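Please find one structure pasted underneath; my questions will follow.
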Amino acid sequence: MSKKVRRIGVMTSGGDSPGMNAAIRAVVRTCAYYHTECVGFYRGYQGMINNEYVPLNARSVRNIINQGGTILQSARSKQFMTEEGRSRAAENLKKAEVDAMILIGGDGTFRGGLALSQEHDIPVIGVPGTIDNDINGTHYAIGYDTALNTVVEAIDKIRDTASSHNRLFFVEVMGRDAGFIALNSGIGAGAEEILIPEEDLGVERLLDSLERSRRAGKTSSIVVVSEGDKTGKNVFELADYVKKNLPYYDARVTVLGHIQRGGRPTCFDRVLASRLSVKAVELLLDGKKNLMVGMMNNEIESCSLDQALKGKHNINKDLLRISEILST
Amino acid sequence: MSKKVRRIGVMTSGGDSPGMNAAIRAVVRTCAYYHTECVGFYRGYQGMINNEYVPLNARSVRNIINQGGTILQSARSKQFMTEEGRSRAAENLKKAEVDAMILIGGDGTFRGGLALSQEHDIPVIGVPGTIDNDINGTHYAIGYDTALNTVVEAIDKIRDTASSHNRLFFVEVMGRDAGFIALNSGIGAGAEEILIPEEDLGVERLLDSLERSRRAGKTSSIVVVSEGDKTGKNVFELADYVKKNLPYYDARVTVLGHIQRGGRPTCFDRVLASRLSVKAVELLLDGKKNLMVGMMNNEIESCSLDQALKGKHNINKDLLRISEILST
Amino acid sequence: MSKKVRRIGVMTSGGDSPGMNAAIRAVVRTCAYYHTECVGFYRGYQGMINNEYVPLNARSVRNIINQGGTILQSARSKQFMTEEGRSRAAENLKKAEVDAMILIGGDGTFRGGLALSQEHDIPVIGVPGTIDNDINGTHYAIGYDTALNTVVEAIDKIRDTASSHNRLFFVEVMGRDAGFIALNSGIGAGAEEILIPEEDLGVERLLDSLERSRRAGKTSSIVVVSEGDKTGKNVFELADYVKKNLPYYDARVTVLGHIQRGGRPTCFDRVLASRLSVKAVELLLDGKKNLMVGMMNNEIESCSLDQALKGKHNINKDLLRISEILST
Amino acid sequence: MSKKVRRIGVMTSGGDSPGMNAAIRAVVRTCAYYHTECVGFYRGYQGMINNEYVPLNARSVRNIINQGGTILQSARSKQFMTEEGRSRAAENLKKAEVDAMILIGGDGTFRGGLALSQEHDIPVIGVPGTIDNDINGTHYAIGYDTALNTVVEAIDKIRDTASSHNRLFFVEVMGRDAGFIALNSGIGAGAEEILIPEEDLGVERLLDSLERSRRAGKTSSIVVVSEGDKTGKNVFELADYVKKNLPYYDARVTVLGHIQRGGRPTCFDRVLASRLSVKAVELLLDGKKNLMVGMMNNEIESCSLDQALKGKHNINKDLLRISEILST
């Protein structure tokens, strides 16, 4: 039988995403509601190794639900990838009388958590937070909806100037391995073409499509490109290639970059973060461990961390079809 | 066997919601993609009665995906509630050679459409667009996500001044019969209390909770109130009642009003509107009729208009629990 | 000769306005730059009376430049309006070894500061912060530019729904005694009519103008109304009056309320707050007192508090003319 | 004596800026108010050469006051730089019975206008619209205030992630020859360092300052860099140089790019555009020519185009001092 959980630790790890603070707040308040202590570790696993933590109560998380970033800060810890690092972290947890951990982050975070749990028998629950949305076991990860809106607002602005100048814009968005951001923001922004890692449409198809657009009288265009697209060209090379082959296009490039990680979380991300985190605390208090909470079909569910790490969250291929129809 | 659909009409009816333009755009472009003609009727059923319509092509809907409101305008038509009104509308549709209609709106819109279809054998497909989100057969109606964000951003602003002045704010949000906006925006904005039509918590419970908050050292608070809440007091009476019973609270009222209907649609609403509308056109071209398209469990589905009108889309009661835990 | 200033106190008083935090930050950092101590009093004069203050250093004001509200909170203190209250405040200042005060607020704040200074010989400098912008001696008060943008964004949203439904909207904005917000936001939002305290155009003129608009084919309209307009009718009575006399108008009312006080400050307000506050500290260190800093003709200037309180900051009448021309 | 002006042409030229539509609207409505005809030329001087224009009335400019970009589109015309090009444009103006032109743009636009006026005796008035704000004769050009807010909002987002990860971010903003955007947005965003074309602080000074920051315990930093900064290194080289010399810094780069040109204009830019454009029309109707309108010391003034082109709008050096004090 598992030991009663009296003190829960929480941390954020990996790339930060908007809504992580809403998640921390919900963990802390749910602990308070169930008269359970809560401490926060700084900078993810590194803070566990360095024994940097702080007790958290309802007041510590006042007015953070709408703040981007994470008050606990985040990091990627190389030391934690070693057995020695994890042992040190586990020791510190024991000294701090932390009975279980809630880990907010992406798959790197969960992989670390699983190792910690298996090697040192520390119950952990993962809460998926990543703008890339590429985690199996949840339809939505915290921060993804906010990132989509940040991207769409940025492309709205770019379209103003694209339309005014008859220009073709290549906009690079985040997503090294997954096209979630590109595909959804591209449809939302009314992009003429969308290039994602999951599907190589080929550069020639892009030329054909732009040529067709121009013949149909379209004078400005937006092409959304995932960081990890499969054309074999980066976004600047793509623009050059198009300029060379379709010289009537005045092609420009914008790389949206790190603005995609920040900003006030949307209502969706705040509610999602709140619901997932309440569930995470309740699972621990219920004696469960090594699970990831997720939102599947509008309900909060959980799956084993194993399963979350093994599977792959695939994009909805129907969206590619939608994109093609709408860029008519 | 149903007649081949060669020309599709589209209109928006009832209260407008952000994303209706994205829906119109998607209807028009999907028609173009399938080489089907498309016309738009102005001001909902009234435009059908007055025979006010315009041919729409891909260019007519350029750069509207991110605009609030509806380029076809909207209205509530009393005339259409009479058989005579509907006959006149049907006649005009026949003269205009419109084979089928896509109706973007809420349940009033769908009720009208069902009558039209039954009395005059005109295939119709409903696309749910209403910030209230109270339509059965879809987890999300177009405009709801945008309205949530508008409300949350407004309450963020109010919280700035509430915190600075130790004030208690009552914020009235839309939702005469349904608490979707209040409940989700309340959780998203970190409201201390949420009053919705679906559940009468009673005024005394509110007093208790505020008293408890004050004792816990909370000096400012936000109470989100649905238009249709069940306390039997409107938001101004509520504030007065609290002031009389808890005189240490400096209670203020803000009625958010019509700003909730406008604004640029979020990415979510644009993608939702696009997906629903592509499906609506494809259903008509496929010989289907009298259905409503909806998003259930992240997939685009359809149900009969009958079913959409008979059932009720209930709020997720678990959110009430979440709200209570988090306002600890 | 004035005593050397070694420790400066800062506080915010009266209605809060966006940018007050940027002002506090700049006071604190300028003190640090000049190796001068700084303490912050909570809740304006009330904190001085209650002796509630906190030492502030560069780190205390980290990441607040973009936050609405005021970390020092604000209040209106009745006790400070008595000689006894002010004596107590002065005593506390002396005990705390505060040599001079920087007062961020509006004319009520400055009146109190002048009394404190005259009765107890405490050097004070006023920094104008009020969304109403009605302070003499500065073209811009901190928070005004942000409030204008909040109002204009709200009216943009209302116009979406006004246009979609052919409606007439009356939008009440803040400004009990001054029409700055109404006049500038009205022009910025393209309002058809603007009613301000400084000029009574009369209700009949409004009817004439709306009637003319309708005849010219305008089907939706926005009328911006200052809280303190001079028609003798409040905004709801105005709407009723118009509905009775021009029944073809579907008139609605929105009272924007307290959202106007909150929100992230604009770049203009952040830079303004920064410049004014650096100057305020430098004046005190330079042995000056009982002045208000202000921005006149794009330069930072100062005038005596007396002058700031005696004069009146008038609206630019030419804007009324502009408004009339543009609502053609 | 100058010929009576019966028909006014308007166009936008050069890089677009938010608020140009508000300016077009004000030109058109002021013409309507004074019973003067108005036509709009597309794509700046190129449209004059190609004889592409459209009559504009109050309805043509409905609901554009809040739209980014320009409905008349913009371009840079090489042909117009030749005498032949200008002759053709002048001929077309005469055929179209356009008596005078209003030119919305930057100094390239005004240079072209002056040549046209001198060679072909066509009265022109310039309206300054450029986000760079580097036009002599006006304290503010249309679009500059909006661009500042776009930049500050983007840096707010970047700071979220910078703070969460202890990172140093280099943010490149527009301004090839002028540091207005960098200097004001840098102060508004609380940047630790600001590099502008007007002042070469040297790379070594940047290293010193960052080293000092780190010693003072600052763990994340923002450096705002103008496109045209004078270090001799571009923003990527700067980041590399810092990484090499201060290896404890995890330096990243974001190039904000074209999002700075788009977006809904702020209230300030809408009012500015409205006031400048009313004045421009009134000057033409008053028989004036070859002037630029501008806002000097909060009042609308005018100066000769010559003067606007000869002088230089200098940044306020005091802001550099402010920036240094506040990054303490």
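Per-chain numbering from 1; labels A, B, C and D assigned in written order.
The rule is simple: a residue touches a chain if its C-beta (ideal position, glycine included) is under 8 Å from a C-beta of that chain, and two chains touch if they have at least 3 such contacts.
Bear in mind that the values here come from a model prediction, so they are computed numbers and not experimental data.
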Check your understanding: Where the contacts of chain B and chain C overlap, which chains show up?
Key -> none
Review point. Greatest Cα-centroid separation from chain A: which chain?
Key: C
Revision key, fill the gap. Chain-centre distance (mean CA atoms) for chain A and chain C, in whole Å, is 39
Check your understanding: In angstrom, rounded to a whole number, how far apart do the mean CA points of chain A and chain D lie?
Key -> 36
Point to revise | Euclidean distance of C-alpha centroids - chain C vs chain D, Å | key: 28
Practice item. Hunt down the residues of chain B that sit against at least two other chains at once, touch-wise. Key: 156, 159, 163
Exercise for review: For this assembly, give the contact graph shape among line, ring, star, complete and other.
Suggested key: ring
Practice item. Just spell out which pairs of chains touch, all of them. Key: A-B, A-D, B-C, C-D
Point to revise | Residue ranges of chain D in contact with chain C within the complex | key: 25-26, 29-30, 32-33, 58-59, 63, 65-66, 139, 145, 148-149, 151-153, 156, 159, 163, 184-185, 187-190, 216-217, 264, 266-268, 270-271, 274-275, 278, 297-298, 300, 316, 318-319, 322, 325-328
Check your understanding: Which of the residues in chain A come into contact with chain D in the complex?
Key -> 12, 16, 18, 20, 43, 67-70, 73-75, 150, 154, 156-161, 163-166, 169, 252-255, 257-259, 261-263
